[in-house]
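Both complexes shown next keep chain A, but they swap its partner, so chain B is in the first and chain C is in the second.
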Partner chain A sequence: MILNACPYEKPTTLQRLLELNQTPGAKLLAGGTDLVLVMKENKAEPALLIDIKNVPELHGIYAIPGGIFIGAAEPIQEVVEHPLTQVYHALVEGAGRIGCYEIRLRATIGGNICNGSPSADSVPGLLLYDADVVVAGRSGTRVSTLESFLLGPGRVDLQEGEVLLGVNLKTPNPNAKSKYYRCSRVKGMDLSGISAGIYCEGKSNFRIAFGAAWPTVARAKAAEEILNAGPYTPERLQQAIAATLETVHPRRSSMRASPEYKRAMVGELIQMGIEELTGGACNG
Partner chain B sequence: MDKQVTITINGLAYQATVDTTMTLLQFIRDEAGLTGTKSGCENGECGACTVLLNGKPVRSCIILALEADGAEILTVEGIATDGALHPLQQAFIDHSAVQCGFCIPGMLVASKALLGRYPNPSETQVMEALGGHLCRCGGYKAMSEAIQSLKQ
Partner chain C sequence: MAFHTVGSNKRKIDGAEKATGATVYTADMRFPNLLHIKVLRSPHAHARILSIDAGAALAMSGVVKIVTGADVPGPFGVAIHDQHPIARDKVRYVGEPVAAVVARTEREAEKAARAIVVDYEILPFVQDPLAAMDPSSPVIHENMMDYKTLPFVRRVGHNTYQHFKVRKGNAEQVMQQADCVVEGDYYFPPAVHVQMEPHCAVAKYGHDGSMIMYATTQAPFVVQTTISELLEIPYGRIQVIAPFLGGGFGGKSDITIEALVACVAKHVPGKFVRLLLSREEMFSGATHGRNIKAHYKLGFDRAGKLLAMIGQCVQASGGNADYAINVLTGTALSGSGPYIVPDLQLDVYGVYTNTQPIGAFRGYGHPEAHLSIERLMDEAARKLNMTPAELRMKNLLQAGEANGIGQVMHASNGNVRECARIITDKLWGQPLPKAKSHCLVGRGMAAYMKTPCMPSNAQSGALIKLNADGSLTLSVGAVDMGQGLHTALSQIAAEALDLPFERVLFKTSVDTFSSPYDWQTVASRSTWGSGNAVLLAAADFKRNLKTEAAKVFATTPDQVAYAKGAVSFNGQEIPLADFATGLRNLDGTAITRPFFGQGNFVAQGVQNPDLDTGQTNAAADWTFGCVGVELEVDTRTGETTVLRLMNAIDAGTIINPVLATEQVAGAMLMALGSATSETIIFDEKTGRVRNDTLVDYKIPGIEDIACQTEVFFVQTPEESGPYGAKGIGEHGCVGTVPAFLNALRDATGLDFHDLPASPDRIITTLKGGEPK
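On to the complex of A and B.
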C-alpha cells in the first residue's frame, strides 16, 4: 500500500517536463513497473511524480542518419516487435525475456536502462551495438555512450533535472549476428541469475556483454581483446574466459544466483555463444 | 494533491477524486465496485489483477489510477454481453478449465486480448499469453484447450 500521496503531473511537452523536473525530490514515472513497486514498499516517496508517457520527444522508433533512435518511453514490447530493431538480435531477444507480455506492454526501454539494474535484460544487447544515450536537461541535449551512463547498481549518469530521451543505435555491419542467453531458475517469468550477449561479424570482431556479473551490465573487454587478437582457438577461448573470471567477483548477497554458479556460467556462456554464432566448435 | 479522474470501465464512465496512493486496481474494486478483478501478489507478478487498458492487457495493481485518467478499461464483468456468456467463458466451463477460479478473471481478459491478436493461436502463443498468469490449481492445459476450441 502506498502511504503518502504526492503531487502528480503529466506534461505534454518536453519543455514543461524539464521545468517540472527542477523540483527537488521529483521522480519520473514511465511504465512504473519498477517505480510503483518501490512506492508500494514506501521506499520511494517522491516530492512530485512526473508521468513522462505523454511527451512526444520520448516516443518513436525511427531511422536517423547512420542508424536508429528508440524513444525512452517506448514500451519494451514495441522494441521487440518493431521492424527497425530486428537486426539487433540480442536486443530483441533480451527485451523479449523481460517479465511477461503484460509487463512488456507497460515497461519502457528508458525505465529498464535508468533503473540501473545489473541484470536489466535489454541492456546487454544495447551495449553490444555500442548504443549511445540521448539526455535532455535545462541547458540542452547531450549524447554520451551507454557504457559511460551506467554507474552502478541503481545509479546512472543523470544530473539533477535531466531526462533520458532515448538511445541511438548504429546500423550494424551486414555480417553482424548476436544472441542473448539468460540463466534463470524457472523457464517463464523470473529475473536473470546471469546473462550474456554475444556478438560477432562472421568469425571475427567478437563482442561480449554480461548481465548480473558485475555491478552494472558491462562488456567483457579483456575477453574481447584476447579473442579478437587472432583466430579462434581453444587456447584463446580459455585465455579469454580466464581473463574475464579475474574480474568477476559476485557478492554472496545476490538474490538470484550464487557466486559459484555465476562464475561457472561465465565460461559456458562465452563458449556456447561463440560456437552457436560461428556455427562450430574451436578450429572449426 | 487530489485530482478528479474519469475512467471508463466496461463502457461506463466513473468519476472520482484520487491521489497517488490509489492503484487502478483499487479504483476498479473500491470506487467502481467491480470486484471480479482480483488482488493477488500486488507486485505485478501473478496476473490476477489483469485488465485491458485501451484494449491491451496490463497489471492494474502496479498502475496508478491517475495514469488511467481518460482510459477505457475492460474487466471480466464486461466481457459478457446482454447477459450471455462470452464464448471464452463458455469454453472455459465446457473444458472444466476453472477450479478455484481466482486467476480466471485475469486469464479471461488476457485470452480475449490474445484472440484479438491471433484469431488462431498456436499452443506456444497461448502459453506465452498465459505464462505471466499464475494458476496454482494447475489448469493451464484445460485453459489452453478451451481457448484453442475457439479457433476459426
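On to the complex of A and C.
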C-alpha cells in the first residue's frame, strides 16, 4: 500500500520536465510497472512524481541518419510491433517477453533501461546493436553508449536532473541476425532467470549479451573476442564459454535461478544461439 | 437410465455475469460508514510477546480502535483449541496477527499498524516436519496437552499433536518375506491456493447483541458456529452471508480471517468493519496446504503382488493445527493408495512448526500419500521387470476387496481397473512421439483414490420455492466458488421435477439466516450431498403439490399425476404456476395453501475414524481414477512440456460433462504447478515466506497448459449419489504429481522425490547427479 500521497506533475514540454526534475527527491514516472510496485512496498517515497508521458521529445520511433531513434516513453509493445524495429530481432524478441500484453502496453523502453534491472529483457537486444542513449539535462543533450550507461543493479548513469530521451540504434549490417533466449521458471509470465542475446553476421562478427548473469545486462566481451579471432570452430566455442564462465559468479540468494543453473545456461545459451543462427554449425 | 437434463452441458448459471465482470464479490460490496482493519503481523517465526505499546498509533489520524490478543477471547478451535484470533503471549509464525487497527481508511489503519511498538523475546524456531519431531527442537505449544480437543485427537507430546495409526495384519513380518522391497523418502512441500479473490470479511456487531458478517467463505455455517462459541453470541443471532466466492480450493474452508474480524467488530459495535487481505497477506496470513514428508516401504512377491506396506507421513502443520488435523485424516484414509494391501502399517503424524498453518488444499491429504506410493509403484515395476500398468493392474482394488481401512469395495464405488485400462491404452497405445532435437520424451501414470473426508454427520439441505411464473427458486447451504455446483444442482432439480433447466432458478448467495444448513462446501461432497438434498426436496415438493392439487380436484393425492410442470386428474390439468399464488373457489375462498419442497440429507453408517487401527467405515464413498502424462524435456534448458495429460475417472454419473471436464483438467493443471514450479521459500534466518508475491511464487500460466488434455469418464453409478453422481472437484489433483514425476523419470532417468521438478533443478540434477 502506498502510504503517503505525493505531489504529481505531468509536464508537456521538455523544458518544464527538466525544470521539475531539479526537485530533490523527484522520481520520473513512465509506465509505472516498476516504480509503483516499489512505492507500494514503501521502498520509494518520491518528493515529486513527474509523469513524462506527455513530453513529445520522449516519443516516437523514427528513422535518423544511419539508424533509428526509439523514444524513452514508447510502450514496449510499440517496440515489439513497429516496422522499423523488426530488423533488430533480439530486441523484438526480448521486449516481447516482458510481462503480458497489458503490461507491455503500459511499460516503456526507457523504464526498462532506467530501472537498471540486471535481467531487463529489452536490454540484451539493444546492447547487441551497440545502442546509444540520448540524455537531456539542463546544460543540453548528450549521447553515450548504453553499455556505459548501465552501472549496476538499479543504477544507471543519469546525473541529477537528467532524463533519458531515448535510444539510437544503428542500421544493422544486411546479413546480421540475432536471437533472444530466456530461461524462466514457467513458460507463462515470469522474470528471467538468465537470458542471452546472440548476434552474428553470417558466421562471423559474433556478439553476445547476457541478462541476469552479471550485476548489469552486459556484453560477453571475452567470448566475443575469442569467437571473432578466427574461423568459427567448436573448440573456439568451448573456449568462449569457458572465458565467459570465469566472470559469472551469481549470488545464491536469487529465487529465480540457482548459480549452478545460471552457469550451466551460460554455455548452453551461447551454443544454442550460435547453432541456430549459423544453421547448426557446431556439434561440439 | 435416460435423462433429459442430467448429463447435458447446460451453461453455467453464473457464467454471463462473471465473464462480464458484473458479479458482486464480498470486497465489491459497499457499506455505510465502513471502517477498515489492518493487521500488524509478527516479523518473527517464534517469539514471546513481552509488551505492546499502541499509544502513539491510537493517537494517529483516523484511528478508531486498536485490538490486541489481550482484548479478544481464545484459544478457540473445532478439533483442537490451539489458536488465537490475535496472538496472545506468543507468536508462532511470521505473519501471525499481533494487533488489529480499526481506522476510517485502509491507509490510516496501515500507517497506525506500523506505529505500534511490540517488544519480542525471540525464540529459536523450527520449520521442518522431521526436525520439529526431534525432542531437541523448540516446543511451540507448551500447553498442548491441556488444550480442549475432540475425542479423535491423540497427542503424543513435544510438538506432535496427532498420531493416526492404520494397522492391518503384520506388515513388519510380511515385509521380511517379500521378494521385492522398494522404499524411499518423499516430500510434498507447502503450496498456496492462489485464489483469484483474496480473503475478505465485513462484520457488524449490533447494539442488540447480534452479528452480521459477509465473508469469502466455503463454510458459512462453520463460521457461524465458531463465532458463536468464541464470542458467546447466541448461534441464532449470528448471520453469515457468503456471496459469490472467487475461488476456494480449500483455502476458504473452516474459519479463517472471520474469527479476527468478528472479535474486532465486537469492539466497535454498530459499525461495519472490513478486512481485505493483500496478495502478500494471502501468503503470510492465510493457510498453506500440503507440507508432508513421508517414508514408504512396499513389499511384493515375485509375481508382483503387493504384500505389505509400511508408511510414515509427517506433516509440518504450522503454528496451529485445528485445520491440519483433519487433513491428516485424509492422508490416513487414503494412505494405502487404490490397492489391495493385505498387511498395512501406517503412521500419520501432525507436528507443530513455525510455519503458516496448514489447511485444506484441493485433494486434502490424498496427493501427499499418493506421491510416495505411486512413485514407488513405478520403482517396483522396474525392479520386477513389469510395465507400470501391469504391476498396478495386479494390485488395484476391485469389488469384494478391502481397502486400507478395511472397507470392502462395492461395484458402485467405481472401477479403478477400467480407469487404468483406459489410460494404459490411450497413453501407451500410440507410438512415442519423436523427440525434438536435444529433447527426451517419456510417459508415466498414477492411479488414485479419494474420499470426501468429513464428519460422520455432515449434513446438506435444500429448499425449493415456487414462483408465480411457474419457475422454482432453489436454495442450498452449499457455496458455489466457481466449481459450477449451483448449475449442477439446478440440473438435478430440473431432472427430478421434469422441468426445463431454465425454469429452475438459484439463490446464489448462502445466508445462514435463510439457507438450509450445510456442513461446509469442501471434500468434493456437494454434488453428492446437496444433490441428494435437492432430490429429497423435489420429492417433498411433488408430495406437497399433489396434496394441494387433490383439494382442487376433489380427490386423493395418490390419484393426482404430475408431469412437465403441471398436475392432472381425470383429463383436467393445472399448471404449477397457479399454485404459487393459490387457487380459489368461485366464491373467492382459498382452496390451496402455499408450500415449499424441503430436503435434508446425511450419509448413513459413516463412523468416526479409529485411531488405533484405522479399520472403520470412516469414508462415505470412494472415487477412483488414473492419470497419464506424456512429456518432453529439453535437456539443454530443463524446460518440460506436457504433451498429453489425461485422466480417467469413475465419478459416477456425470451431471454436466463440460463442467466436470473443466474441474478435472483445472485440478490437474493446479497439481502440475506443484510438480514444476510452485514452492514456498522460507528465509533461513527469519523463517518468513520470501516469495510472498506472484512474481516469485510461480503458478502455471496459459502457456504452461498441456498441449492436449483429455478427461475420460467411467460412469459407474454411485448408489448413494443423486442419479448415481458424486463429487469431482479435487480428484484431478491426487495422482497428477506422481504421474508427472514418473514420466520425467521415464524420459530422463531422473528420480525426483520432492518438488518442484523445475527447469533449474532438472538441469542441475542432470549435470550433478541426484536431485538436490
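Operating definition for what follows: the second predicted complex is superposed on the first by the 282 of 284 C-alpha atoms of A that agree within 3 Å, B and C clash if a C-alpha of one lies under 4 Å from a C-alpha of the other, contacts with A are read in each partner's own complex, and residues count from 1 in each chain.
Heads up, the rule we're going with is that a contact is a pair of C-beta atoms (placed from the backbone, for glycine too) under 8 Å apart; a residue touches a chain by one contact, two chains touch by 3 or more.
None of these values were measured; they are calculated from a predicted model.
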Touched partner set for A:E260, first chain B, second chain C, both or neither: second
First (chain B), second (chain C), both or neither touched by A:E268: second
Which of chain B and chain C A:E102 touches, first, second, both or neither: first
A:E276 touches, of chain B and chain C: first, second, both or neither? neither
Touching partner for A:L3 - first (chain B), second (chain C), both, neither: both
Chain B versus chain C as contact partner of A:L49, first or second or both or neither: first
First, second, both or neither for A:M189, with chain B first and chain C second: both
Set intersection of chain A contacts, chain C complex versus chain B complex: 1-3, 188-189
Contact footprint of chain A on chain B as seen in their complex: 1-3, 19-23, 42-45, 47, 50, 56-59, 62-64, 66-67, 69, 110, 128-129, 131-133
Contacting residues of chain C [partner chain A, same complex]: 106-107, 110-111, 114, 278, 636-639, 676-677, 681, 690-691, 695-696, 698-704, 758-760, 763-764, 767-768
Chain B-touching residues of chain A, taken from the complex the two chains share: 1-8, 10, 29, 32-33, 36-37, 39-40, 49, 51, 53, 99-103, 105-106, 188-189
Chain A residues touching chain C - in the complex, by the definition given at the top: 1-3, 183-191, 193, 255-258, 260-261, 264-265, 268, 271-272
